[in-house]
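Each of the next two complexes has subunit A plus one other chain: subunit B in the first, subunit C in the second.
Let's turn to the complex of A and B:
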């Protein structure tokens, strides 16, 4: 009894087979477990990693977490190429196949509803960053260009104390301006994109120490979009993206609808736009 | 003015950044508590089929979801 069942995803029975060469955790190909009108995509995992107590420790080990998340992602990615898939949260573990069946039974209604909701849809991620530190700009005389000119990284040495203070002040104003613009843009983007999407979800802004992205993440949103409307959605993001130094928009996708599967298994992220 | 890399408009990225992936795979996301310490928020939401675990292993397993806000 040293193996547990890791559940990657839930689907409906489908024609065809798993794509060849899919490897999940431990380098093992996942297996399909049919149960009524649902199918669980499962893999055997060692209890010494995935039983509750060791799992809690493991989840805080970034290397282990990375490998696990990547394996999970690989299986979900492969599944979405063959059928509509509800990705489960990382580390959904049952003790054996009958535990998996109970999981399916317990969540049958939610899984079925979610499968309907996700059918033919993909997820796009949109992030907005405030990045007051500009790329080193071409040197020029201080204070001579347009309003809220971005502060320079290495300006010429100030001629006087007053110059210095004035420069400090204008660079602080520029920084604050960037923040305001980033927040305003986030509101506009989220409002406009939510209208075009079938659902929207907000993730908490990312910590830059973890993402190593430049600037401060202000908006971290996900949108559920019909696959065939993806081009329009992407074009809309482009249209709404200003050529604004200091404010950056990042688009990622299309992804499996991870952010919108939450209701199926457990509480998901702060999800909006699904009504009721 | 130097051109921003994103000036040409956003491009779809195929490779999911790890943080983006974790945002999605873990409802609570990952938080940093110290310079090097990472924690999964809401670890308790990890779904372990514990009743089954207890009955099949038949060992005294401590209560499933003790809140341990060890901070």
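Let's turn to the complex of A and C:
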């Protein structure tokens, strides 16, 4: 069967071996292709999926896209544990090994500069969610219509119009409080963490239809952090995380430095004014 | 050169359970773009354009946004609050209109004609 070469990432030659048990697309372990002072992390993929026309169709299929994206990230994530890895964008495909060598030649300057810039660094993701409780008038566990622990007042029917309006008001104020706290926390977190990171990038807040996360995503940031300061960075995120029912902080990583690997403007020190 | 042992354990359940949005915004929108032999422009993909571009970070948008991004995006925090207030306002006005409509039916005779 006709096979193509899928290129996951580019690294420098490194001592050591690929992490064990890594599986890329099609369940196949990736392979290293040395070319001069660069190494491409590649895998064989079937032309019936990855040639131009089928690939276009396949990418329209969310299930296929999801599986492909996860396999792509699995390989790059595993590579990141052993060496500095520059991730390529999803679906970078060559016809054969010499095509991969041409790709490395064409991008040599960019890859070299990027590898120098990112050497020894990883990416951490920090998100803040505002998650107003469904019935803030009765504080307590989330289950709003479970066995009520507060028998003094059943929230079902307001006794009067004034009562109704009072309840609406207090519930709105509680929700506003959550939004305000989430915004304030986002500003503080981003300011503090930018100080500790070598670069920062703000991403568009995620839509819960895709992330399936509770609440509304308010901050979605990525930070470029030296490997050796990662423990401190993680501890700092923990220190800055308040105990707050309605506001949630989520830390992800370590990722390969995706958010900082792209072209100038996407990640440089001038992005978000946080270079340090 | 590399010090993998000093990396903390993964947070946020990388791998199997990682948030799909986290993965897609990175592998589709970030990373180095370089042409392989198979020419594919992810922007031409309808699903990605229509469905995901709304959700996944856009570089231009992110640059415009800066730290005060939420103040400009109507779908976000303060905007969401305004929208909530507007909806509630509308609901209450409808309610008032309904209440007023009942007696008005009795009284109103020749408003229009």
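Assume the second predicted complex is superposed on the first by the 235 of 276 C-alpha atoms of A that agree within 3 Å, B and C clash if a C-alpha of one lies under 4 Å from a C-alpha of the other, contacts with A are read in each partner's own complex, and residues count from 1 in each chain.
Everything below uses one rule, namely that a contact is a pair of C-beta atoms (placed from the backbone, for glycine too) under 8 Å apart; a residue touches a chain by one contact, two chains touch by 3 or more.
Everything numeric here is computed off the predicted structure, so don't read it as measured data.
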{"item": "Superposed partners subunit B and subunit C on subunit A - clash or fit", "value": "clash"}
{"item": "Touched partner set for A:204, first subunit B, second subunit C, both or neither", "value": "both"}
{"item": "Subunit B versus subunit C as contact partner of A:10, first or second or both or neither", "value": "second"}
{"item": "Partner chain(s) touched by A:114 [first = subunit B, second = subunit C, both, neither]", "value": "second"}
{"item": "First (subunit B), second (subunit C), both or neither touched by A:168", "value": "second"}
{"item": "First (subunit B), second (subunit C), both or neither touched by A:94", "value": "both"}
{"item": "Partner chain(s) touched by A:67 [first = subunit B, second = subunit C, both, neither]", "value": "neither"}
{"item": "Contact breadth on subunit A, by residue count: subunit C or subunit B", "value": "C"}
{"item": "Touching partner for A:254 - first (subunit B), second (subunit C), both, neither", "value": "both"}
{"item": "Which superposed partner A:55 touches (first subunit B, second subunit C, both, neither)", "value": "both"}
{"item": "Partner chain(s) touched by A:190 [first = subunit B, second = subunit C, both, neither]", "value": "second"}
{"item": "Overlap of the subunit B and subunit C footprints on subunit A, listed as residue numbers", "value": "4, 50-52, 55-56, 59-60, 62, 65-66, 69-70, 72-73, 87-95, 99, 102-103, 125, 203-204, 206-207, 209-211, 220, 234, 250-255, 258-259, 262, 265-266"}
{"item": "Touch list for subunit A against partner subunit C, complex", "value": "4, 7, 10, 14, 50-52, 55-56, 59-62, 65-66, 69-70, 72-74, 77, 81-84, 86-95, 99, 102-103, 106-107, 110-111, 114, 119-120, 122, 124-125, 130, 168, 172, 175-176, 179, 182-183, 186-187, 190, 201-207, 209-213, 216, 218, 220, 227-228, 230-231, 234, 250-255, 258-259, 261-263, 265-266, 271-272"}
{"item": "Footprint of subunit B on subunit A - complex, ascending", "value": "1, 4, 50-52, 55-56, 59-60, 62, 65-66, 69-70, 72-73, 87-96, 98-99, 102-103, 123, 125, 135-138, 203-204, 206-207, 209-211, 220, 222, 234, 237-238, 241, 243, 245, 248-255, 258-259, 262, 265-269"}
{"item": "Contact set on subunit C toward subunit A in their complex", "value": "1-4, 6-8, 10-12, 14-15, 18-28, 30-40, 42, 44-48, 51-52, 54-59, 61-63, 65-67, 69-70, 73, 76-78, 80-81, 84-85, 88"}
{"item": "Interfacial residue positions of subunit B with respect to subunit A in the complex", "value": "1-2, 4, 6-7, 9-13, 16-27, 29-32, 35, 37-40, 43, 45-50, 52-53, 56-57, 61, 64"}
